[in-house]
Amino acid sequence: MLQPLPTAAEPTQQVRVRLFASLRDAMGWSEQLVRLETATATPLALWHQLGLGPEHQGPDEPPTEVRVAINQQFAAWDAPLQAGDELAFLPPISGG
Amino acid sequence: MAAPWRSIRLEPEPFEPLQALAAWHAALATALGALPAAESHFIGRVRPSSASGEPLAALELEHYPGMTEAQLQALAQAAAAQHGATAVLVHHRVGRVLPGEPIVLVAVAADRRGPALRCGQELLEALKHEVPFWKREWLADGRSSWVTGNTPL
Amino acid sequence: MAAPWRSIRLEPEPFEPLQALAAWHAALATALGALPAAESHFIGRVRPSSASGEPLAALELEHYPGMTEAQLQALAQAAAAQHGATAVLVHHRVGRVLPGEPIVLVAVAADRRGPALRCGQELLEALKHEVPFWKREWLADGRSSWVTGNTPL
Amino acid sequence: MLQPLPTAAEPTQQVRVRLFASLRDAMGWSEQLVRLETATATPLALWHQLGLGPEHQGPDEPPTEVRVAINQQFAAWDAPLQAGDELAFLPPISGG
């Protein structure tokens, strides 16, 4: 399911997933290339596919404190993902 | 109106806010011919203690390279346009920041005090909630924890 | 809390706000050991044109010697106490001020951004309405007129 | 009624009146020593006594735009004046 490195043969079938701060620390990785399993993948689907949420979290339930960015812009949990996208899961922001 | 004049910068090293403002004044005066009639600034510095009250060794500021700069640009543009500000400056530290060191400088120049004050305040709140920065507090004994929210107003 | 640290000054000659702030920082750091976590500034400059839109030769600032200083001190004390600010600075020009020159500098240092911002804004409005200053606009042809109100926010 | 200079014999019977800015320009003087005529003198009474208001202004009608200071503190139009006080009439303020 997870692809540790890009597959040269079909780079356009993949999404780059990035984690930051406490989420990266909790999961132990900062970046993965993930093959799109379906034509209708969403951030929420990948969130569950990668095991990022707690086990008790239902599959249709987005985490309330984490935000999503697609290609470095804030996006919705049910936004459609395209091959080649960069998807980031952002734990609570604390700037300024 | 003309597009607002923006100076957005991530600072990986300690910076001196008054020097940054002096350079901004010089650039603005050159670009505009004269400085606008109203100007507001905000400087935020690292507190000496952690959220739980322990002495802080350092604050680590993580960001999302690319998205952080783009969001700062977009928010500065939007706030300046909404309030009719002439020029906006945001300098924000990244990396390891020591207690007492400046972490953020926001400055707004406008024709009147209302836009300068309101734009600055709005931009300050926006960058606390809408720009991907994450703070981690480091204590003297090597423990660290991610800050989960902002300090209250 | 301790009485707020006040720096109140009438400036009969042109002054440079960033130099005034640098001196204030140095004095505050000495007095407090470190600068507070939040700091807000406002700089007001003389506009290039009069209220009626004519090119301005100069702005004359009259005041009531004695009462003006006392009112500035009292208002700074009250605003700092109300908002819990640590230190307040107000420098205000008197006499003949040229277009583009700074006329007022207000700065507030506090533990949090809310008090720093609110105290500064309140103090700025107070000194526009509650401190005996009077502006007279001088035009290039020697005509002059007293300003009867403040610019809108 | 108006005393151009302090009378050495009875300095405590006088009030120093000061005008500023547009009010001073309109009246042509900036400072006068005025003998207190009654024990119940007020800023409003002196305002009329010195002819500072427009002619159509009634004697009980304080000017809406002018403020009063006694001994360099804002005061009411009907505040009691003491001998030795400094009374100032302040046209509309425009600081900052």
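For clarity, chains are labelled A, B, C and D in written order, and residue numbers in each chain start from 1.
Everything below uses one rule, namely that contacts are C-beta pairs under 8 Å (C-beta built on N, C-alpha and C of every residue); 3 or more make two chains touch, one makes a residue touch a chain.
Given the structure is predicted, the values throughout are model-derived calculations rather than measurements.
Note: centroid distance chain B to chain C, computed from Cα atoms, is 23 Å. Inter-chain spacing, taken between the CA centroids of chain B and chain D, is 51 Å. Here the CA centre of chain A is 76 Å from the CA centre of chain D. Counting partners per residue, chain C has 44, 113, 124 as the residues that reach two or more other chains. A linear topology is adopted by the chain contact network, the touching chains following one after another without closure.
Pairs of chains meeting the touch criterion are A-B, B-C, C-D.
Interface residues of chain C facing chain B in the complex, by the touch rule stated above, are 18, 21-22, 25, 34-48, 99-100, 111-114, 116-117, 121, 124, 151-153.
Within the complex formed with chain A, the chain B residues making contact are 44, 62, 64, 66-67, 70, 92, 103-104, 124-125, 127-136, 146-150.
Listed in rising order, the residues of chain A touching chain B in the complex are 18, 20-22, 25, 69, 72-74, 88, 90-96.
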